[in-house]
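What follows is a single structure, written as structure tokens, with notes after it.
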Amino acid sequence: MEKPIGHRRWAIAEGHIMEQGPTQEFAIYETACILNTAERDAHVKITVYFSDRAPAGPYRVTVPAHRTRHVRFNDLDDPEPIPRGTDYASTIESDVAVVVQHTRYDSRQAENAQISTIAFPSVDYRGF
Amino acid sequence: MEKPIGHRRWAIAEGHIMEQGPTQEFAIYETACILNTAERDAHVKITVYFSDRAPAGPYRVTVPAHRTRHVRFNDLDDPEPIPRGTDYASTIESDVAVVVQHTRYDSRQAENAQISTIAFPSVDYRGF
Amino acid sequence: MEKPIGHRRWAIAEGHIMEQGPTQEFAIYETACILNTAERDAHVKITVYFSDRAPAGPYRVTVPAHRTRHVRFNDLDDPEPIPRGTDYASTIESDVAVVVQHTRYDSRQAENAQISTIAFPSVDYRGF
Amino acid sequence: MEKPIGHRRWAIAEGHIMEQGPTQEFAIYETACILNTAERDAHVKITVYFSDRAPAGPYRVTVPAHRTRHVRFNDLDDPEPIPRGTDYASTIESDVAVVVQHTRYDSRQAENAQISTIAFPSVDYRGF
């Protein structure tokens, strides 16, 4: 049995969801791509940080065993939607080790990533 | 004699191969760039993870000693091609230490990368 | 109480602020996105390195507890503005652990990042 | 006196210098951005790996104390130019700790990076 790859706590220090309105010709989809190579489901908590207000969340998502999931920040709405047109950052915590990559897609080219970078793993996290 | 640089297990949490058809004016080439600085060949196993089905693979490639190899996910077809138009992620395991970088090329500008990021190295992997 | 995520010392090895003038149709905004998940404010010192002169700084910014801040290098002016049209690099030091991501925005698409990569964390830093 | 930030051995797994000729409307400048925060000069050796021939180099560059240097792979010519139109990878070794970031510039927008990612640091390197 193989050891799952990754860490249980990650951070993405950069994020921005565009204002959306009739004058916008396209949208950006901010995404946290999460890979779970473990043999059991990963229960993930996402916390979103802002420059001018208290953090939002936790948003809860499940990444099944041996699966990947592309979580769009635009789609998170429980406990509240992420405000548009403002900077944010996020932490991703999981009860099993996962790998997180931060990718931004352009709706005009839905299958075309603009940026992508591995998130920052915390190697010293204890507990969930 | 110099110690090879890298790790034996890596993950890429983000991937997407476009649907290909007559209405597509260009294609994206997802690539895992693998560098082997060791004095012997690296035997590499790639496993591909999806959101809605069991993983595919392992796909086997060899990176010769003191060489680099750009592996296109589009070209992997044994044991099966990677489905188009769906999200995926991957792990890369090698019997010698290698370095892995994830790059996406646009066929309209074949020598022009769109994104590139170092993959995630697992520092605690034991065994192959 | 949760342990803050990150490190206290980071480096960004690449940077370039465009010359700005009437013939420039757009500007690039170099940004260090800093996330502070700690329960107290982070006092941050940024030092900027060049190819042909002594380093500039330190520039001092505060990232409040549980907040993120996108610091534009273009805006740094105390003790001196960063020269335009020249290569630079930077280090970011904080008195509490933070996460740093390096992002470059294009003023024509102000909400559209061009590149983004996690900065380099120094794991062995002692003292502030 | 502050400890220099970084490592003494790095790898960039992806690289490609375009063919250059009259039909090319633009060129790509592959760059290794090297930051030396130490109090003494860094003597750097770059080795370039290919898919189909023995490695080239070492190419030698010096990054002065407290300076940054953007090394263009296109400009390396001693002991030999890097072949155009082929994939390559590289290792960067230094006698003092440095930080390396891999960036690709487009000559049409000389101050506009296309991709940028921190290189892969080897934490276990002994000796130079």
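Going by the order they are written in, the chains are A, B, C and D; count residues from 1 in each one.
FYI, contacts are C-beta pairs under 8 Å (C-beta built on N, C-alpha and C of every residue); 3 or more make two chains touch, one makes a residue touch a chain.
As the structure is a computational prediction, the values presented were derived from the model and not from experiment.
Distance from the centre of subunit D peaks at A, each centre being the average of the chain's Cα atoms.
Each chain gets one centre point, the mean of its Cα atoms, and the points for subunit C and subunit D are 22 Å apart. Each chain gets one centre point, the mean of its Cα atoms, and the points for subunit B and subunit C are 31 Å apart. Between subunit B and subunit D the centroid-to-centroid distance comes to 22 Å (mean Cα coordinates, whole Å). Looking at subunit A, one finds that residues 114-115, 117-118 touch two or more other chains.
Viewed as a contact network, the protein chains form a single closed ring in which every chain touches exactly two others.
Of all possible chain pairings, those that touch are A-B, A-C, B-D, C-D. Per the touch definition, subunit A reaches subunit C in the complex via residues 9, 11-14, 16, 18-19, 28, 49-52, 54-55, 85, 87-89, 91, 102, 104, 106, 114-115, 117-120, 122, 124-126. Residues of subunit B touching subunit D in their complex: 3, 5-6, 31, 33-37, 66-70, 99-101, 103, 111-118, 121.
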